[in-house]
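Shared between the two complexes below is subunit A, which pairs with subunit B and subunit C, respectively.
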Partner chain A sequence: MPVIAVDAMGGDFAPDDVVKGVAQVSLHTEIESLLVGDEQQIQATLDRIPYNPERIAIHHTDEFVAAVDDAGTGIRHRRRTSIMVAARLVAEGRAQAVVTAGNTAAALAACARYFRTIEGLCQVALCGVFPRQTLYAGQDPLALLLDVGASVRCEAADLVRFAVMGSVYARHVSKLAEPRVALLNMGSEENKGGAVLIEAFRRLKNQPSVNFVGNIEGHGLTKGTADVIVCEGLLGNVVIKLLGAMADVVVDSAGTGRRENWRHKLGTFMLESGAGRLRELAAYEDYGGAPILGFDRLMLRLPGRANARSVENAIKVSAKAVCSGVVREIAAGVERL
Partner chain B sequence: MFRRYRQRLAPAACAPIVFRWDLDKTYLKTEFDSLRELVRLPFEKAQDKIAVPGVVPLIRGLREAAVHAGREVRIYFISASPPQIAKAIRQKLALDGIEYDGIVFKDQLGHLVRGRFRDLREHVGFKLTELLSSRQTLPAAAIEVLFGDDWESDPIIYSLYADIVAGRVEDEELADALRALEVAPALIAGMRELAHKVARADAVVKIYINLERRMPLTSFRIFGPRLVPTFNYLQTAACLLQDGYLPLAGVGQVAERLISESAYTSAAVINSLADITRRGHLQPRSAAAIRAHLRARGLVQLERRSRLVAAWSRLIRWIDPRPRPVSSPPELIDYPQLVTQWQAARLEERR
Partner chain C sequence: MPVIAVDAMGGDFAPDDVVKGVAQVSLHTEIESLLVGDEQQIQATLDRIPYNPERIAIHHTDEFVAAVDDAGTGIRHRRRTSIMVAARLVAEGRAQAVVTAGNTAAALAACARYFRTIEGLCQVALCGVFPRQTLYAGQDPLALLLDVGASVRCEAADLVRFAVMGSVYARHVSKLAEPRVALLNMGSEENKGGAVLIEAFRRLKNQPSVNFVGNIEGHGLTKGTADVIVCEGLLGNVVIKLLGAMADVVVDSAGTGRRENWRHKLGTFMLESGAGRLRELAAYEDYGGAPILGFDRLMLRLPGRANARSVENAIKVSAKAVCSGVVREIAAGVERL
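What follows is the complex of A and B.
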């Protein structure tokens, strides 16, 4: 089984929730986790929970990047931070993938410093996952959106490469034989969205390795008609954050009844199981993270508020991706373009 | 260099050493989680019983090391299982090549016949009585290392026993603790009598608890540094090496068995050693010596270190190659309070 380097110090609830997630993985799977962070803090958390030491290694580093740090604070040069060290360990071959719930800029900087961009790629892609309706039994309840912020603007050729990368990832991780790929646009017609999107549409339509289903509008994102949605980083970032904020509104609304008069309270009580399912669906922190694609190594990024369950899921997803050779397949796919 | 290490490790002929082992979940991988498994247990043959990975070479190694050092050694087993399964257990120990000096079973059938149903599940009174009785047959200077698990109440039984023998538990405190543990009044009276008779000595040097249930480590802090919770017998063997009861070769045999028969990987072995070192039970230099030995035997692959780091490590080991036991000064334990805390920890763990 692969070794997954886990940035123990990244995230709002680090290191406690990260370590708890790793402990769960150690008890229930064969995956080995390499926790990177403050050894004393990590061990203090491990002491409080059941774990299997045979599947947990710790690499000590006492520096970490705070959530508020941005690229301007020189995070690229702080080589002893947990995320940088985790990426270095992967580059050295001591682990096969990184999982982090830490600062996005630091994650990208770590990838850029220690990993190599796949040959033929000009832009890497930061992916995001979001819940959507399912059209048939067994369909993955999550869709993949890329890019969500690794770049701002990009060319038509970059969007095609994103489509190839997302398609390969969905094929291996979501186990979809022919993932449906769509281009996020302001209309479903071929000639919408400006020169870049029109050109990207044309190229994707003629791309045999991608199951392109056309343009998708904002309201179609959550309908389950596409498994992989491709867009520029600026747009993707706005969309993924908006979806997250909407999920918060839905969850909050589901609980509003409790604060109202007795009739609302009774109504809320009767709808509790439905509201619970809603909360479960909207709980972004429970998802297994999204990859940064385009490098010769894999990094899975979780939202900052990731909890133990999402860390556990992310480790499992990254192990699955490593075992199925996603990076190798992406490189082959890009080469064929 | 390692020859020198081994020579200095061998303990000098001194006080007799007693290793006491619990049977179920400590020596044997007994499964009694379900009623079906419980019913099947008495009918299991010796060859069907499975030893906990690494325990067999560890017990053999402990005896061999003591004999080699010219030290009197005794190995006892204590089990809350009924004597009806004794034959299969003895056969299993013979199959494993374990030489032992005594084995005690709990007369469950007797309790059943006499209608003492409460006593069927009560192990504290039984084990403590047996330990205290057995202690009286030993030379006063004999020291003991105890092995149990986190399944029942071994940590509390062994700690109580150690402190009774050391004279650190007052008569009333003992009675209070036993009452809190719901031990039958008749047994409490018997144990108080035995506690009075036993020769006072700081005899129990270590208590090793096999974390079969993976109980959180913080649950064991209340027992003090004398009690060492371990996740596998490699960790136990490493600590025993440090205390001078097992040679490096003995640790190697445990690791070899784990790798060859229990599918342990090189990483699992290295991670286990790192874990017990982080927890402060094993000194880094002892861990380094073990890693070097395992590497020399081809059991693990270690990362290549820079020449400078490797030379520095060699120099440190050359200057003082003998691993020192981790100091574990006996702490005074408030047993009635400990019982409450332990029961709360177990309740929490079950939740």
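What follows is the complex of A and C.
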């Protein structure tokens, strides 16, 4: 069973919720967690809850990155932050993957400092996940979008590599035999989107290791017709953040519509569970986190608001990915291109 | 009062719903409409409904563009289609603006053939509108996004011109004294988004005719903090289509969530009016349509599913824009840059 390094200090509810998630994993699985952060705070939380001490270790560090710190605040050079130390421990072989709900720029910086970029790759990718309609029972309710912000603009070759990386990840984590890959574009025809996207379409069509289903448009994203969607970071970043804000807005709209109507008033009350379901959808990012792909080690990111259950899920997903050799298979796939 | 040329044959419910919208305008305003399309079909619809014959004229043409025709099907060269003829009539001064719910590529092609691009402009813009939270009573519930597909990639100078054009339009149509303009980007800091967006940010900040409020991210779009949002066509196209699909998905999600729960079942029933409100939101594009900006004449586009009320609204909006001299003011604004 792999050891997962967990950034105990990253996220809005750290270290409390992170530690609680780790405790759950220790009780219900054989995965070992290595909590990286302030030992006193971590132990104080552990002392209040049930956990299996044989499956939890603590690596003390007294620095951490705040959610608001950006690349300009020197996070790249602060080597004793919990996320940097977690990545270093993985690089040293003391753990096999990192889970963090902390600052994204710091997570990327830690990967860049301690991990190696897979050979032949020019651009790593931040992945995002989002909910979509399921077309058959058992289909993963989440699709994978990459890149959502490691890059700004991309070349056609980068997009093809994203397709390979995303396919491998989806195959192992979402248990899809042949994940359908689409190119995010402004039209369905292959001559749309300018030179880079036209070239990417052509290459993807001729790429035997990718089950390419063509271009996907904005309104197609949530339809469930593709499992992996590739695009440049600027586009993916705007899309993933818009999707994240989506459910919130509609919950709000439903609340403000026709308040004068007694049926609506009563309906809103009755629908409390439905509204809960919508809020749950809004929190979809929590389920297992989203990977940073393209390095020789794996890191899974959770949103800052991640709770104990999200942390628990992300640790399980990362262990699954480590056990099934996702990174090795990605490297092989990129090499074959 | 201006004359508005109306493409009677464009849209899923043409000519019936288009003609009905025109009839309403003829009864309740002093705007004159020039219906362009199959005279027999148009007259047949008019014969069944009340209308004011003094404010409606028909210009017969027997060709039209189908919704599924794309740029490859030669729509650029078919000069007798209803949209081409409508644009020609405006160019000849027989009407002052065009309203169409037809094919977007055909609409752009008609503008390009019969209208002139405003001097100093390299790139015209398709606008899109979308609903956002209102921050104060009386605020327009819709924001303007441009470009959503006339361009693919843009230069910084194009984005600044979009900002000027969108500001002028919002000032007149949404009655905002100083529309807040934002740049769609992958971060709020001014160093985000690559060379073009960094340069656009710098220029917009120093542009006195634009009330620039900085970068806006994906999750900010629906928050109501900006009235006009500028971006390149590839990005805007994906965003506007995703926003269009938004309400549909959530209506669906609300319906499928926790069906086993009796409270939810009853709530869904009670909320029929609420669901109606959501569907109404999903149809927001209908309200008044969205302009094509950058030509010396105005064209307003409606989505294909536009109904009679949408057509009626779009005719009123276009008359308002014509009367307030939007195009002239845009030309002056672009010249001052």
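Assume the second predicted complex is superposed on the first by the 318 of 337 C-alpha atoms of A that agree within 3 Å, B and C clash if a C-alpha of one lies under 4 Å from a C-alpha of the other, contacts with A are read in each partner's own complex, and residues count from 1 in each chain.
By definition in this document, a residue touches a chain if its C-beta (ideal position, glycine included) is under 8 Å from a C-beta of that chain, and two chains touch if they have at least 3 such contacts.
Since we're looking at a predicted model, the values are computed, not measured.
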Combined model on subunit A: subunit C and subunit B, fit or clash: fit
Touched partner set for A:Arg94, first subunit B, second subunit C, both or neither: first
Contacts of A:Thr222 with subunit B and subunit C, given as first, second, both or neither: second
Touching partner for A:Pro50 - first (subunit B), second (subunit C), both, neither: first
First, second, both or neither for A:Ile58, with subunit B first and subunit C second: first
Of subunit C and subunit B, partner touching more subunit A residues: C
Partner chain(s) touched by A:Ala332 [first = subunit B, second = subunit C, both, neither]: neither
Subunit B versus subunit C as contact partner of A:Ala157, first or second or both or neither: neither
Minimum distance between Cα atoms of subunit B and subunit C in the superposition (Å): 23
Set of subunit A residues, in rising order, touched by both subunit B and subunit C: none
Complex interface listing, subunit B residues touching subunit A: 213-218, 231-232, 235, 264, 267-268, 270-272, 274-276, 278-279, 303, 349
Complex contacts: residues of subunit A adjacent to subunit B: 3, 27, 32, 39, 43, 46-58, 94
Subunit A partner contacts - residues on subunit C that touch it in the complex: 70, 72, 131, 133, 149, 152-153, 184-187, 189, 193-194, 197, 217-223, 233-235, 237-247, 249-250, 252-254, 257-258, 261, 263-264, 266-274, 276-278, 280-281
